[in-house]
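Shared between the two complexes below is subunit A, which has subunit B as its partner in the first and subunit C in the second.
Up next is the complex of A and B:
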């Protein structure tokens, strides 16, 4: 029977071509838009994760309470030991210590007198270790406009915008005025090894990136770190995984800080619990769900109508089948089976086209920098659709479901048909 | 040829609602058909021929009276049971052939067997045998659109006969055919009636068909006017 129905689908273009086309278009758009939303939102989330939040972040309880102010006087002490413990407990994850700071950059003239000063937002990260992933996490090699990556202590990178404002070139030196962990005054000279452009206004205004060892030395933060960030071994942030890590960490808190008093105990927050990220993560999921719903609804309406027209066209066929002794329920089920087949064929075609499109656009990317000159949120300037395992099956959800729903509604008429009128109907 | 009664209608009435009143399509029908009969229902339009075929074919039920077909009381059958009776016991031949246009001759004939549990080899054997009965083994892969009216009706006969039903109901099977094809079609059915013992009940007012019938039941205004054994 299935072979018979499949033959009908293949031979009868009216039965298959329009629905397959509609389903394929729907599946293609679903794949593309899902990838686009996941890519745009995922890249924003990933950028926030890379620069600020990590997938999980360990801070002292006191630091976490005032994290927006970057209170390095409340930083984690014994950061090396805790980082090692975290690495041992979750070896698949990447754990990195960081110090964020606000400071004043003083750019001197040839005589060493102040030529100009400006506030900077600083990231002290592991720039110089052999296997560090931090430069690639910040996309530093790709963001360098002039100069090169720091190769030794006391070299740093500054944003191109900051460098241009004060006419600074790679090789020039400047002084950072900051605050030590104990609240004292700190000033240290650095050499600009290169300038950066991230494509995000928030970062490009006044970013300074230096090695964490230099920051520890400058701010008297020996073996301390404002934050220890953890990165899950997945492409995009996975909240369930993050919560699982967080739960275990917070349950075993005494193992990590046996002697700390409560306010200086390390506490782990997930990405979603930090600086408005919950809204972004939920928004991303809501948009994806909404897209699927819209496509299911729109396609179901189109396919319902296509099913009704098909049902009218096949009125005689159903009549003959009833007369030949096929049960109405069997005809209805065969109609649903056809819907699944057509839905699968259309979804397969649409998904193949959608994935090809997504791959092409992923390689090329959309340069949105022109529209994001004044954007303050952390967003990449080049947006790419994301290629995740989901894109290979998400098109099947609206494709098969809407086809099934459309045919289920359209086919209900089979049950209302009076067999007593078959002879009259079949002999018109 | 078996002589046992396979259709027995007892005091059958069929009434249809017509506005606030009722229209009586059949009244006081007492008829029986034995196995192997080659009989026809004759009469003008509106005399009740098709309504009677509907009831015998388990497509409708009497309003009053009883109808027993192939040992089943039609009045009491559920939709599923009626479908099963049609599937295994009754073949239908329509005036307008009603072949499925997207399938070829083989598929059209095979369809009747797909509803029965049967091995593909057995199915193929029976389909080819049925096509052989109607002389269409050379048109196995033709679509209905490529066949003449006579050939289409022969495919319809093969489709009705392929499951070897005990009863075949044919509603005006020659109405759309020319004289030559009409004779050929009825001769084919007569031959199958003789060879296989299948009971044929026609609804017709075509003289060409009537000359082949062994029994003609004349209906008028829903009642049996004459029952003539030829």
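Up next is the complex of A and C:
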């Protein structure tokens, strides 16, 4: 019977083409929306992870308590040893030391006197090691507007907005005026190797990125780091995995403690425990679940209606088949099988088209920078749909089940058909 | 009769002495808050001043001491050279009117400090650049009223509340405990316009130097941050000695 039904669907296109097309459109939209919402939300969290929080972050207790103020006088001492221990314990994770800082960038005139100056937010990361993943984590090569990546010590990158404001070009030098770990004056000259545009107003206003070795030298932070960030070996932040790592680390804290004083012991926080990230993670999960539920439900109703209409359209056909002696149960079962087949074909086509579309958008990305010019939160300016295993089956939920449900309800009328009234209806 | 005469003599003697003995008390009672501020200014302000000092900054992990030598002329011009530790040695600061420059040998640059940076802490201390720059006489920038008397560190003090009468002042309101006899503040509290206590200074080791009373030790406490405060000690101080003009020029920074 199934083979016969399949032949019917394939050959009688007048009957099957519209339902297959409707199901395919529904599946495509479902795949696209799921992928888009997951990607947009996941990218925001991922960007925060890359720039600020890591999937987990190690700081001293005292630093963690005031992390928003970047108190480098409370930084981790013996950061090299702690990083090595973390690498040995979790070798599949990437562990990186960073120093964040606030400073004043002073741009000199020809005589070396102050021509202009502005506050900057700095990141000191591993820029110059051979296998460092930090530049790609910050998307530095892609964000460079003018110039090039730093290739040696005392070279740095500054935001294009800062460079434009003070008429600075690659090759120019400036002085970074900050505070050492002990609170002393820190004046260091740097050469601008390139300018950056991240697409996030918060970063583009006054970001400076330099190599962590330079920062250690400038801020007298030898073998110290404000933060040690850990990245899980998964595409998107996995809270359960992060909590597992955190629990083991904090349980073993005594092994790492380089300082007698409790407030300077290292402590690990997950991404979700840092600066408002819990709300963002929960919000993004709730929003994506809600959006997907609403859309899948809406698509289910549309496809259910399609199934219902398809069933009603064939009301007369069912009457004739009953009149010819076909069993009502057989007709009903064949109707349901047809619905499953149409649902599967449509969902398959829709999912294929949807996956192709999100793949294309994932590669190219969707530039939202025009809408984010005044944004102050850390959000990516280019949104990319996420390609996860779910995109391969989510289209089948509304596609198959709704079609089946619609036909099942419409087909219930088969059992109420009476042969005596059939001829009346057919006006025979 | 004889005893009567003695009583009259003694009574007369006491009556004669009474105005003499009570004169300072009455005179002091007649002092206005403005008079007190002027006497304070006479002790603390001078035409020129050359000071060698140490500043101990108590951080949350460590404490460190920075020594410096400063030359100042009135409240408009000052020049400071940091002498130790090695990391700060050679750093120089020049203040001319309301402008401030810092020279650092590390970068071989002269940098001007302006705007909101003036409110930042100097070397992690409890003092801001603004605090260091503002050396104007109290009587020039505040109106004052005496609100009471108290004792502080075993000394009788007048409690004075001051409110800014000029706009360009770091602290809108101050409360000061002024030594009733020496006219030196022993404690100062600085408030924002909102009433928030911003800083407290305790001044001790008051000594007679060049015919004036002067506190050798000052402990500054930024009330908005944790820590034990910053201790400023005067190692040596010379008032009203002529200072060559070239000291207060940008050329002397390098």
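We adopt the following convention: the second predicted complex is superposed on the first by the 312 of 428 C-alpha atoms of A that agree within 3 Å, B and C clash if a C-alpha of one lies under 4 Å from a C-alpha of the other, contacts with A are read in each partner's own complex, and residues count from 1 in each chain.
What we mean here is this: a contact is a pair of C-beta atoms (placed from the backbone, for glycine too) under 8 Å apart; a residue touches a chain by one contact, two chains touch by 3 or more.
Bear in mind the structure is a predicted one, so any value in this text is a computation, not a measurement.
A.B. asks: Once the shared chain is lined up, is A:62 touching subunit B (first), subunit C (second), both, or neither of them?
C.D. replies: second
A.B. asks: Check whether A:73 is in contact with subunit B, with subunit C, with both or with neither, and answer first, second, both or neither.
C.D. replies: In the superposition, A:73 contacts subunit C only.
A.B. asks: Classify the contacts of A:108 with the two partner chains as first (subunit B alone), second (subunit C alone), both, or neither.
C.D. replies: A:108 contacts subunit C only, not subunit B.
A.B. asks: With both complexes overlaid on chain A, does A:183 touch subunit B (first), subunit C (second), both or neither?
C.D. replies: second
A.B. asks: Mind working out whether A:389 is in touch with subunit B, subunit C, both or neither, as first, second, both or neither?
C.D. replies: In the superposed model, A:389 contacts neither subunit B nor subunit C.
A.B. asks: Touching subunit C in the complex: which residues of subunit A?
C.D. replies: Result: residues 62, 73-74, 104, 106, 108, 112-114, 117, 119, 175, 177, 179-180, 182-185, 187-189, 220, 264 of subunit A touch subunit C.
A.B. asks: Which residues, counting only subunit C, touch subunit A once they are in their complex?
C.D. replies: My answer: residues 57, 59-62, 64, 66, 87-88, 91, 102, 104, 106-112, 114, 116-117, 121, 123-125.
A.B. asks: Show which residues of subunit A lie in contact with subunit B when the two form their complex.
C.D. replies: So the residues of subunit A touching subunit B come out as 1, 4, 7-8, 11-12, 15, 316-317, 319-330, 419-420, 422-424, 426-428.
A.B. asks: So in the complex, which bits of subunit B are touching subunit A?
C.D. replies: Those residues of subunit B that touch subunit A are 50, 53-54, 57, 59-60, 79-80, 82-88, 90, 92, 94-96, 98, 100, 102-103, 107, 110-112, 114-115, 159, 171-172.
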